[in-house]
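In the two assemblies presented below, chain A is common to both, partnered first by chain B and then by chain C.
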Partner chain A sequence: MSLPILRLGLRSLFGRARVWLMVAMPVILVALAVVIRQANSGDVTANTAEQLLRNFGIGVAVPVVALVATTTLINSEFDDGSIIYLLTKPVSRVSIIASKAIVTLGAGVVFTALPMLVAGLILRGTDDRMALAGLVGALIATVAYVGVFTALATTMKRSIIGCLLFWLIWESTLASLFSPVKWLSPRAWGTSAIQHISTAIDDNPPVSIWYAVAATLVALVLGIVLAGQRLASMTISEE
Partner chain B sequence: MSTPRQSVIHDIGYRTFTGRRQSTGAIALSLYLTSLRHCFGLGRSNKSKVMPFLVAALMLIPALVLAGLAIQLKRMSLGDQANYFAPLSNYFGYPYWTQLLITVFAASQAPVLFARDLRYRTIVLYFARPLDRSTYVLVRLAALTTALFAVIAVPMVIWYAAALSSGLDRSQHTKNFFAAIVGVLVLSLILATFSGMVSAITTRSGLAVVAVIVALMLTSGIVTIAQGAVYETGNKSAAMIASMFNPFTLVAELISGLFDQPTPTPAIPHPSTGWTLVFIIVALIWVIGTSWVLVERIRKAASL
Partner chain C sequence: MSDLVLTDVSRWYGNVVAVNDVSMQLSPGITGLLGPNGAGKSTLLSMMAGLLPPSTGTVTIDGEPTRGNVQIYRKIGLVPVQESLYDFLTGTQFVRLNADLQQVPQPGTATEHAIGLVDMAAAADRKISTYSKGMKQRIKVASALVHQPPVLLLDEPFNGMDPIQRRHMMGLLTDFAQQGRTIVFSSHILEEVEQIARQVEVVVAGRHAASGDFAAIRRLMTDRPNRYVVRSSDNRRLATLLLGEQSVRGARLRSNDVLEVEADDFGAFAHALPRIASQHDIRIVELTPTDESLESVFSYLVNA
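And now, the complex of A and B:
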């Protein structure tokens, strides 16, 4: 952990126009929750609430925030080569990657997990643990997406497009056509967490919660190890 | 006294152009054709041909599968066929259900026409010709619209041909088909202007691709969720207001109202005459508003 790098990370994440995309996600999520509550005159069924948390929260808000945060903090510095300026400072490479991961995950918590809790409270109050389910589901999905995006970003060129295609084609399209995709889909893991924790949902969750938690941790570790390896194998001098 | 011609010390043979100069129309036409070719990666690197042709091929798959079935199922009774081809009768469902592919095509090809010239300052070379700023933008828009229209309309024509050869009610199908084709034209225009505007504002291809996809998929997701939420309560006005924020739902409402067509999903309500007028105005705002921003942006960027 290194404070200056944390500070730099925060500045590069919040000092640009794209921060508005991240701010927009929780605002839209909460606004939709309010609209749905109004439309149903204060009496929202557990299924409607779960659908908003699952389809918009886990399906759109979490990946978009994770994508913006990961690409800003990790990929763009690799892509444009400005990571070299960090590497020339006497800071260990492990602490560089750890600090960046903390900022990314922190952004995920602030911009998606907490708003999911708020949206859950607006929709269902404290009934059938819906708000808690939203919080935990968003946490799991955020951690998993950050891991997957980091891993994708460090292994391919044009990384933003790669992450975007993963979200749109793998998660949104293929997952609805072929059910085995659920074993490798952060979206299914987050959904499973929501359905396990909330007491009002009868649907059979896609995967068991222990698998979801374990897979999430594996994805995060994989992402950090791959990024760390790329960082460690970078050389400052020309060959 | 001698003539100026004789007073020249060095005549190194520069000559003025004495051939016939082509009109602005010819310049616009050649720009249109190059832009259209560039939309499909023709005249560009092999790598840039992958995306447009992949999307175009994927768009064809559902239509080809259905056409194959139509030929196989000739021996079925007419009632069975009508059930089987029920999705066929709603032609606008085609672009609606393949909106992800169409979005990817628009997002990946709009920056080719609108971002690179601004990014690499080659725009000044275009304007060194007698070509008006707004003509340049309109020609580029026309090319992108044509490309999008072709990608969506070709599979629909195959689908229509399959329906015609299956012995179903022809006049009904013809009416539905041409209503949907008008919708596809409007949709292509809206998508072209919107993605062109985003590309011209960001001027970086990677960023523009992401911005267009996120903007269109995000609004699509929000509209679907909002409409699903109010569907059970039967609040049609709210559902129709929600439709205005995404090109696909907007055009679905528009042609549903104009030509008395069914909408692709029951969550999108069928508009009354008054609402249809509102949708026409909103569609005009989508097209004219974004083109105006686009023209202003290019004007400003080219004035340096």
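And now, the complex of A and C:
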């Protein structure tokens, strides 16, 4: 791990206007939780709470934050070649990627996982482990999205569009039409985690919790390995 | 003092050979890597910088391979061609980032010094996104030399610079070379290379086409005789005198005031012409190479 790269990553992510897109996600999530709680006079059903955490939390906030963080710290530096300034330093490739991953995952924890915990607490207090379910579901989905987006970033030319298509077409549209999509869907994995952990949900979760955890780790490792390979053959005149 | 040595280096992508069996030894001083666009200069520089593994052969600095050895970067400063920088940083922050990553003992002082060298102190606290092309180029150079590397690699460093900035940068590289550093820069523009490079390596279509000092290279590159248009105060007498020179193959009076000269050896011709003119009191009004790209070579040699 490299302190200057961590600092650079923080500046890159928080020093520009795009930070507000990430800040907006937890603000909207918590605001929605407060509004729903008020509207139901403080008595929100577990199903309503789960729907907010699943549909907005896992469905929108997590992918948006992961997309902004991954595209900022990984895709755009690969695409425009500015990563060359990190590669030509006495710093190992592993610590370059690890430093970036820490900032990216850190953004996910701060902007989605913790707000999911807060939203869960607002909606259901400590009942039926809803808040914990939100936290863990968001963590799983964040890690998986970072892995998938990183993998897409390193294998596609127009990687940001690729990530958006993955989110909007694959996850949001196809997943509801073809059930097997769930095996390759961070959203389904995060949702499954929520439904497994919360004691109040009777729905049959899309995949087992063990599959969700394993698939998430595979996605992250895949992303890192592909990014590592791309780093290993970077030339000084990419485009 | 460091030597950069390439031994039997080739690099191919699938069926495409980008660099074909190149060997060169680059010593302290300025070396120009000259070649047309797409000749493989960037691929060569990438391999020199250890970013790209050669398909065969080795690249070493002082005997250590540049690939798979990140500690080698303490010895290398790289100025890539692309403009993309961390342009949300200020110039100072960017150079400081490089100093920190190089673990320079006094990063603050080193940053200030490097920025001063490229004459960017006035704009150092502005964001890089507000910089002109030439300013970006200079801040890139500052970032590459903040750790005082013995080897400096620059890919097309004069792109986008105006003539004043160009001269300033050339002066800077010359100073660096005089400190005993090994400087390699690529260019597809002859004039840039001849102005500062002591040693020239020519790369054409991935092959190492020629190597040597600039004049030698220039001669190698022009295997056909060079033609010039000359106008002088007395064309007929000048033509007679020029034909007595070894380097001149022919002289023809095209019209009353134009003399066409064909020369084999442009170096000797460039020295002969002013000598004859001054000895015989002939005033040269115009000397134009018919081959446009030779023009600057001539003015350079005449001025020297």
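What we mean here is this: the second predicted complex is superposed on the first by the 234 of 239 C-alpha atoms of A that agree within 3 Å, B and C clash if a C-alpha of one lies under 4 Å from a C-alpha of the other, contacts with A are read in each partner's own complex, and residues count from 1 in each chain.
The definition used in the following text is that a residue touches a chain if its C-beta (ideal position, glycine included) is under 8 Å from a C-beta of that chain, and two chains touch if they have at least 3 such contacts.
Please read these numbers as outputs of a predicted model, since none were measured by experiment.
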**Clash or fit, chain B versus chain C on superposed chain A** = fit
**Prompt:** Touch check for A:Leu8: first (chain B), second (chain C), both, or neither?
**Reply:** second
**Item:** Touched partner set for A:Leu226, first chain B, second chain C, both or neither
**Value:** neither
**Request:** Using the touch definition from the top, say if A:Ala46 reaches chain B (first), chain C (second), both or neither.
**Result:** neither
**Message:** According to the stated criteria, A:Gly81 is in contact with first (chain B), second (chain C), both, or neither; which is it?
**Reply:** second
**Asked** For A:Ser92, is the partner it touches chain B (first), chain C (second), both, or none of the two (neither)?
**Response** second
**Item:** Partner chain in contact with A:Leu184 - chain B first, chain C second, else both or neither
**Value:** neither
**Request:** May I ask you to decide whether A:Thr235 touches chain B, chain C, both, or neither, giving the answer as first, second, both or neither?
**Result:** second
**Request:** Please determine whether it is chain B or chain C that touches the greater number of chain A residues.
**Result:** C
**Message:** Please give the nearest C-alpha separation between chain B and chain C in the three-chain superposition, to the whole Å.
**Reply:** 14
**Fill in**
Within the complex, chain C is touched by chain A residues 2-5, 7-8, 11-12, 15-16, 80-82, 84-93, 232-239
**Asked** Which residues of chain A touch chain B in their complex?
**Response** 21, 28, 32, 35-36, 39-40, 48, 51-52, 55-56, 59-60, 64, 158, 160-161, 164, 168-169, 172-173
**Item:** Footprint of chain A on chain C - complex, ascending
**Value:** 42-43, 45-46, 49-53, 70-74, 76, 78, 80-82, 84-86, 88-89, 93, 97-98, 100-103, 143, 155
**Asked** Which residues, counting only chain B, touch chain A once they are in their complex?
**Response** 100, 104, 206-207, 209-210, 213-214, 217-218, 221-222, 224-226, 228-230, 232-233, 235, 238
